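Below are two complexes that have chain A in common, paired first with chain B and then with chain C.
== the complex of A and B ==
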């Protein structure tokens, strides 16, 4: 029997989850930080908890590390209930948002700290520290104190320190929050490489949706102590389950209206904006006359000056604003009723012959399969 | 714009003269040849030599040193614990009362503090001596230590402690290996402050001292009543020197610590 490795273990019912969070509730006085939350995370996943500040994502992470006790529920790691185990006995390591380096110890000693607690022999510790320094490319900085490091270097030391004990599960609390954009993007890829190389399960907390999309195998979108949707980045982006998720991840155009039934082109929506019927391929199972929404990502909205040769989903408007972004441009188009839509077009040609400009009358259209139908 | 205007310079000179002229005079006259305190008759260190032969002053100095050392050590221990409790245990029941009680000796008039400790010792039938002075000094210097520790702990990142726990360190070892070394400068400066405060306390010591336990400030005070001698100037100079060293060291440690914090 060979063990099958799958890239999407959550779809395979034979796979056993590595971390099981079962009906966990956390209350601070009257405030419910985590509300009856259940979640399975699998081995070698890079799982992101994404949500606005105060949604409970950090609390959930701290509960996994053992710094917060939960009011109800339990947490299993590899089948073992860890709810009652104090933090220093858990086989889990955490990388802190503030890095929390020990200011009085050198980089080397910071990394060695966890290994020393396990009473490992000196030569093993030295070897492991060296490996870790190499992994994060800080060999030359071994003798420095944290006060003499830049933000990016501190971040690497923190990562090396939390990985030194070779934990099976690493928790990362906004690990890249303090870095500037360029360094953050570079570090995201490094994190992914390290995660793959060491085969560690990563659970990361972030409020940066781009970061979550880039690094994760799956994303859990949280709000008010609840998980709203748990899915792969693609699913979260292309098939959000409600307006909240659609709006939180990326830009989106939402069309509000009344469900008018199905025909051969798909689901019909009487749009409040255009007062006409617009279409989405996705089918829904609600009574005719219900209020439903279409969500459409800006890059799926085609923008043209000529009337497009399609038989549905055409809206007319005027360009209000153009945001030039180098590789793409963002157009804000105002419809007749004053509603503003956002469209993104890649700038494929250096000098656009027929480029669009402010005040142009344009047509917007989209393929019915590009729109997502939302019921809430 | 120059910082050295006439007004600024004269303000500086007058200010420093006002503060330090008396002390400078005291130090100068301790090296006076003449027995007459106010008449300069040439440089000499003979009063220091005489001081060394004065058994009463030497005894008082030894008592003072013993009291200062023991009281500042115990006060540092208790004050550190109090400071840690105040900053790390959140809002426990009776926190406000406890914090008020820690601060009380700072604002209470010394006379009242001295009187109340005296009454306590009499009620408990404890003979006044080195022990009672030490206990009284612990009481009032502990609050200063706890204030210093508290202010250090407000800038202490709790996730450092959590990181140590997370890496498998037990809570006690975490305190010894992480928290203690980080706040050590604050503890040392608290100790130095308590030490100097115990060294130059007169009021509380005079309430709580007994026969055979005269401290240096009490000794000086009683000698002055019989007239100021160059000998007193000499012993005072030594005391001023000790206190100055203590306070400067404490403030240097504090300064270095601030710089370290600014770096990290």
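== the complex of A and C ==
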């Protein structure tokens, strides 16, 4: 992931986007699935479309593949307008959620299927198929039929088949959705390796935010046919633009309140929960008295039994629930007004001396720079 | 009260449990309505024709001796091979069944495909229309074709009124009329298994083929057809097997030259009253059909596994 953060083509105005989605709208009857959406994706990006089901992410992917025609707008790949090109002529391949392997063909024939359509000579096809089988480590399974493969193997055949034609753009529809958790995590890294090795631009659709954050160079968070935020995983997580994004990606504690201005400690918010002023470093440009929100990730909330030696952002509460997660524990802390906050603490000691338990009176506090100020 | 306390021998318990009882019903059915009549026909085929009631010699005759005398011979079978009429009739039946199966497949595939790809709310209605003719008697429907195909029938009338032909077409009492009758009558048996197969086909596979650069027609040829093979086989066997023994259609629509084994069989039974030869014809026909039936079974097992 480090090399993608060092090269951030979307910040460089000299870089030309590789995939340009321009003012695309898709309507199914009265229902607007995609609402005037524009997006630039750069070469060799691993771009994730993330959103709840029904947000239009799969429709967008299917439009890129050519299976759905859009009502308005256009799509350019490498400068070429592909809007009117039928799916079988697009330089784009797709990996289907169901894998869609041809059940009557062997693994190698499945992988060779696309190459055969290009009427390549047999030796070229065989060589490419062999390379692909090696890439996904399925050489021993070449003669098997899809019915004789496990879920993980089918997934890799589907990937090999969609990569065999060396597409300009690979679309992946929930590629890891059918795998169990352990295999999914392992496959995420394999996908990233393959993407780097082959230098293909990936656009992946997923509803799994952890998956999106692990694999992506950038994430586009979608809802109701619109892109709400397009940014790197870190930005999406640490600087969500509104409560919806903050809430959709990871857990978050939201403090509602009234903007009271700035002082040397930062932005002041009169919290509805504690009826006191709490602080965030981030500055805002709205009139005093406006409603604003602070978002705080649970791991940024410190939980202590002693009164912390800081001069602001201290809340008192009682532990309601503890979720032991092995490497960390999740604490649900109830404030005096009944509001429940979530704090996460790493379990760094094997046998904790300062063991916190149910019913303990505790203090929660955070550094002002840990909070994100949201205007909507 | 524990039922298990009643001592029932374990082999009886095993023989009369509910599962075995349920399985035994189809076997009993087949035993009574297929195997038993088959044995009777086999028995008759080994007898000699006589002018009596029934018109064949009994298999066992007691006479004076203590032991029954068995009277059986392969005379009827040898007769079948001595007269070329029978072999010609068998071959002609196979030819007519093969050609009409192919024609039914082509037409049936097109219909099944378009129903399976129609909007969901239309499919039930369209399928109903395929089954609807069954509400009318088979015999009446074949008679109706006479009205359509005969020299002064509806078809000729329509074509001549439209000025497409000047003289009426001679279709009635030809092989063509037999093909029309067979294709029409057996079309539902082709459409239904094909539809069942095509309807559940994963549309993602067709999209995947297109995505990999396959033109629509090639996708049909490379993906749809191979995947519908179980449906094609089922439909072909369901048409081919009964058409081999078809009697009504060649008798009503075909001419004197139309030779089919079903017609020969009928003739032997009712005109010649030679029941042993007629039975032998039936037995040989059955043996001929065993081959495609075994293939059909094999393909069905493969489709299930």
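Simple rule for what comes next: the second predicted complex is superposed on the first by the 370 of 376 C-alpha atoms of A that agree within 3 Å, B and C clash if a C-alpha of one lies under 4 Å from a C-alpha of the other, contacts with A are read in each partner's own complex, and residues count from 1 in each chain.
Everything that follows uses one rule, which is that contacts are C-beta pairs under 8 Å (C-beta built on N, C-alpha and C of every residue); 3 or more make two chains touch, one makes a residue touch a chain.
Just so you know, these numbers come straight off a predicted model, no measurement behind them.
The superposition on chain A brings chain B into a clash with chain C. By the touch criterion stated above, A:262 is placed in contact with neither chain B nor chain C. In the superposition on chain A, contact of A:148 is made with chain B only, not with chain C. Of the two partner chains, chain B and chain C are each touched by A:104. Residues 65-67, 86-89, 92-94, 96, 98, 100-104, 113-114, 117-118, 161-162, 165 of chain A touch chain B in one complex and chain C in the other.
On chain B, the positions that touch chain A within their shared complex are 157, 159-160, 162-171, 173-174, 178, 181-182, 260, 263-264. Of all the residues in chain A, the ones that touch chain B in their complex are 65-67, 86-90, 92-94, 96-98, 100-104, 113-114, 117-118, 146-148, 161-162, 165.
Those residues of chain A whose C-beta lies close enough to touch chain C in the complex are 65-67, 86-89, 92-94, 96, 98, 100-104, 113-114, 117-118, 161-162, 165.
By the touch criterion given at the top, residues 202, 204-205, 207-216, 218, 222-223, 226-227, 229 of chain C touch chain A in their complex.
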